[in-house]
Amino acid sequence: MSAVVSLSNVHKSFGAVKVLDGVSFEVGRGEVAAVIGQSGSGKSTALRCINALETIEDGTISVCGHAVHDRKLDKRELRRDVGIVFQSYNLFPHLTAEQNIMLAPTCVKSLSKAKARELAREVLARVGLEAKADHYPEQLSGGQQQRVAIARSLAMQPKLMLFDEVTSALDPQLTGEVLKVMEDLARGGMTMILVTHEMAFARKVASKVIYMHKGKVWETGPGAMLENPQTEELKAFVGSGL
Amino acid sequence: MTYQFDFAVLLPFWREFAMGVWLTLQLSLISTVLGFILGTLCAIGRADGPPWVKFLVATYVEIIRNTPLLVQVFIVYFGIATLGIHVSANLAAVLALVVNVGAYTSEIVRAGLESIHKSQLEAAECLGLSRPQTYWHVIVRPAIERVYPALTSQYVLLMLASSITSQISAEELTAVANRIQSDTFRSFETYIVVGVLYLALSFVVRLAFWLFGLVVFVRRRKLGTAL
Amino acid sequence: DTLDEIKKRGKILIAVDLGSPPFGMNDANMQPTGSDVESAKLIAADLGFPLEIVQVTSPNRIPFLLTGKADLVMASFSVTDERKKVIDFSDPYGVIQIVVAAPKSVAVKDLKDLVGKRLGTTRGSSNDKEATTQAQGAEMVRYDDDATLITALVSGQVNIMASSPQVMAAVNARRPNDPLEIKLVLKTNPYAAGLRKGDDALREAVNKVIATNLKNGKLNEIYTRYNGTSLPEDMLK
Amino acid sequence: MPTFTLTHFEFLCWAALWTVGLSAIAFVGGGIVGFLVALARVSPSPVVRGIAIGYIQIVQGTPLLILLFLFYFGIAIVGFKEVPAILSAGLGLTIYASGFLAEIWRGCIESVPKTQWEAAECLSLSRWQRMTKVVLPQAMRIATAPTVGFLVQIVKNTSLASVVGFIELSQAGKLVNNSIFEPFTIFIVVASIYFVLCYPLSTWSRSLERKLNVGRR
Amino acid sequence: MSAVVSLSNVHKSFGAVKVLDGVSFEVGRGEVAAVIGQSGSGKSTALRCINALETIEDGTISVCGHAVHDRKLDKRELRRDVGIVFQSYNLFPHLTAEQNIMLAPTCVKSLSKAKARELAREVLARVGLEAKADHYPEQLSGGQQQRVAIARSLAMQPKLMLFDEVTSALDPQLTGEVLKVMEDLARGGMTMILVTHEMAFARKVASKVIYMHKGKVWETGPGAMLENPQTEELKAFVGSGL
């Protein structure tokens, strides 16, 4: 089984609202999957389930060999393998960029301060922010904050990265900066799942596109499927989304 | 008004005043540190503990906040004696002050904890931090940074309130004042002097907190945010 | 002067410390009682004025008098030279000893034995001053009033006291198992009513009443009733 | 040996009435003085503002115990000899409350946006009219919760009036203890009475605060 | 002198920032002047100076016969003649629409309650809001709030009305409602100065357009000047603004 992530018949509700209604898909090693769909279709929830931020009611989720649906799951082990980046950055405001990045390696992997600092410089360089190591989040632009957040995840050397609309709070120029970093990652062979509204980006980078609608996976296929939608819903969505 | 003020009478007592100031400072410092620890633990317990801890802390906070410190001091001092434990007045004073300020601290810190957004917690969780690590690095420290000004005010009030412990024989500044005024019969002058000393003390305490804040909260210093 | 003022006002203000049994306290119905209270009633009656009792504690007795909140202080107010500099005293109407008392188990033979011991007393009282000067090296534990001192002794927060035999009696009534006993007598002080300096007319009047009532035994009766012993012979003549 | 009886409890309850009375005096007096100080604190004149700041600093930086002593003996010194304890204790507490209430209310006044002042100014309203018709009505809504909260502090702090001989609840507790010597029982009862007085106020204050926050959201 | 407003060489700084750098213009009786310009060019500040909300450092301002630059100016007298409406409405939230309007006439002009109420109904009718007299601001839409704010100014029967971007917080439909009221006022002969981003409206209503740039009056002329800009700056501004 070469699938890094595999969801099978996943169900999830918030109260009376059915948010995931039998979702199944697989993402293989080195693949870049783009999840698209209307607001409220359950994209974020699916991502959060993969990272065990939400518990599911039915179905199975396997991520890098961890059985995420299992109640006995060791979440901390799972999260050594999975990095996630949110739309709202969620940097720690009281720590500098560098300290934000160093926190997890020192706490979780027990790296020495010096080693962790070295690592931080390295990942900051990868996102093009060596110069901002000592800046606090509020001193950085949105795009820079988002890149620090990506660097923070990268520092844990995850096998899988999840991105939830990481560019939708940014203006076009800042969006460009962040997308560039993600493209680099994709080229470097990182397995990635990204929820995105950037159709152009999805088409360019994604090896697999997952279209969600009303809590279901409505259509799956390669990037090219966006040019030739099979269902009415995707047709409407792509028509409006571009 | 026929009263003749005479502050010179008080001069020979400068050593007593100084001793009183010193004990007041000691009482305040110790109760501040211990009260802070107790209050922070209670706040965490109330925010994130099992139901029985929540209930216990809530009860403790409500009882303390709705009864006078004076009565708490008496209950501690005579209450634990009734149980057969005999402690010095200073220890009893510290105990009462800690119990008192712990409740107030817990309410302030709780407000700070609640102001930390849930997404911060999730971010730490997703980085694989354990619960205690998350608490320390991502929640408690920034929360305290946020409520630091409120805490400062509370601990200045604590310093002032420590005057009550003169009632159970702690020889702090107010006790000294009471003794000196009954020696010199210059009550008005004595209390004016002591009032000024307390004002100076509260200034010193505020200054100390400000400096401490500069050292501990690096970000505020670097960004020049007021404390 | 004050006597005129009393006449004008139509009542006399006498300060009594209700926190120092048996001189001043509350009875089971929370009414003021004690030898100072009864003496004050007697003196007010003989002076011919209705009485109003003003409550004081020992540290604030003198400020009360000096600031005119009371005309007369009758609060087991020992006559001392220092106090005489600031206020006037009437003739004494009682005596009070300053004693060091402790349980049987504590060995105290002379002042040296008190070094390093904790000695409970009432802040600002003449007991406080006497013990502080005589018992050098002892640690003074001062409470705001006799009531708190007694509570502290009964609850065992302090074990040795420098106060009056009357306080000791009050304590012993509440700790029958391990009673205190008198170890040292530091001083015997006559106590008197305190007045503002220069209130000579009032002092004359009060002195006359005290002399009469010492002679006719009424003051001694009151003293004996509350203190268990009678006044010294030389005061009664 | 007498023990704690209904008589004593009754005595304590009567004393609690004095506590309530003293609190009322302190609250009304402190409210009036505090209101004036708060107005002075936001006055356009730097001198008036400076005086108000100084007043608040001094009151907030001195222990209530010392304030009470100062007023108790101070009033007599300036010549009012027969002022009853309730008045001088009331005055001390009034000054104390005014210092804190002034600061609370200043915060509320300043939390009314500057644009509201400007709008009123542009309608040609005088400074007094701007304050009374536009700013204060808005500030008052914000002020209720912290004010009620501070009322609890006042009720509790009247206990310190005992040190100047005023027989309120705490002093009554001492007196009862004096005659029956059960410190633990008595002070627990005293604490309970305070709790009964204060708890409803705290709860009320908190519910007001919650309502306000909901309203703002 | 028929000029209702006349600014001459007005200078104003905030700290080190020079905001008005020698501004001069005149607006005659019954004229409608539109002030346009980039963000930060000093438009709002100029308006606030006219109403004595800011003090100026140099130059003279005369408004309806009041010497506004004079330290001894009676501001309350000035404001009887000048009404101002802000972008953020600034209605008093604790008063109903009617009470908002009645406040100044009763306080300043000592009108009786009954008279003031009558007046309020009248001006509310002029802005088309008779029905909303008893509503509190938070019960009104943005456009309705803005119209109440205009009515509140009108109730003082000012000789001059100032409007500072009164529509920029509103969506197009609400904007239309407010602009209609302003057009009516202009037709009624009210002297008005309006800071606006609505070029089309400026062109249609304004008898005079004042283009500000970097704290200076860069170009002045009739509405038609927008079709035929004389300076590079205005050309660029009009090009982007439309």
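Should a chain be cited, it is by its letter among A, B, C, D and E, assigned in written order, with residues numbered from 1 in that chain.
Note that contacts are C-beta pairs under 8 Å (C-beta built on N, C-alpha and C of every residue); 3 or more make two chains touch, one makes a residue touch a chain.
Since this is a predicted model, take the numbers as computed values, not measurements.
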Graph separation of chain A and chain C (steps between touching chains): 2
Joint neighbours (chain C and chain E) are D
Look at all chain centres (mean of CA atoms) and spot the one farthest from the centre of chain D. A
Name the chain whose C-alpha centroid is most distant from the C-alpha centroid of chain B. E
In terms of C-beta pairs in contact, which of B-D and D-E ranks higher? B-D
Length of the line joining the C-alpha centres of chain C and chain D, rounded to whole Å: 37
Quick one: chain A and chain E, Cα centre-to-centre, how many Å? 50
Overlap residues in chain D, where contacts from two or more other chains coincide: 73, 77, 163, 183
At least two other chains touched by the same residue of chain A: list those residues. none
Among the residues of chain B, pick out those that touch two or more other chains and give their numbers. 78, 82, 166-167, 187
Name the touching chain pairs, please: which are they? A-B, B-C, B-D, C-D, D-E
Show me the residue ranges of chain D that touch chain C in the complex, using the header's touch definition. 1-2, 7-8, 11, 73, 76-77, 81-82, 163-165, 167, 174-179, 181, 183
Chain B touches which residues of chain D in the complex? 57-58, 60-67, 69-70, 73-74, 77-79, 152, 156-157, 159-160, 162-163, 170, 173, 183-184, 187-188, 190-191, 194-195, 198-199, 202
Residue ranges of chain B in contact with chain D within the complex: 1-3, 62-63, 65-72, 74-75, 78-79, 82, 156, 160-161, 163-164, 166-167, 174, 177, 187-188, 191-192, 194-195, 198-199, 202-203
Touching chain D in the complex: which residues of chain C? 18-19, 21, 25-30, 54-57, 60, 63, 67-69, 144-145, 147-148, 150-151, 154-155, 173-174
Can you name the residues of chain A that touch chain B in the complex? 51, 53, 75-76, 79-80, 82-84, 86, 88, 90-96, 103-104, 107-108, 136, 138-139, 152-153, 156
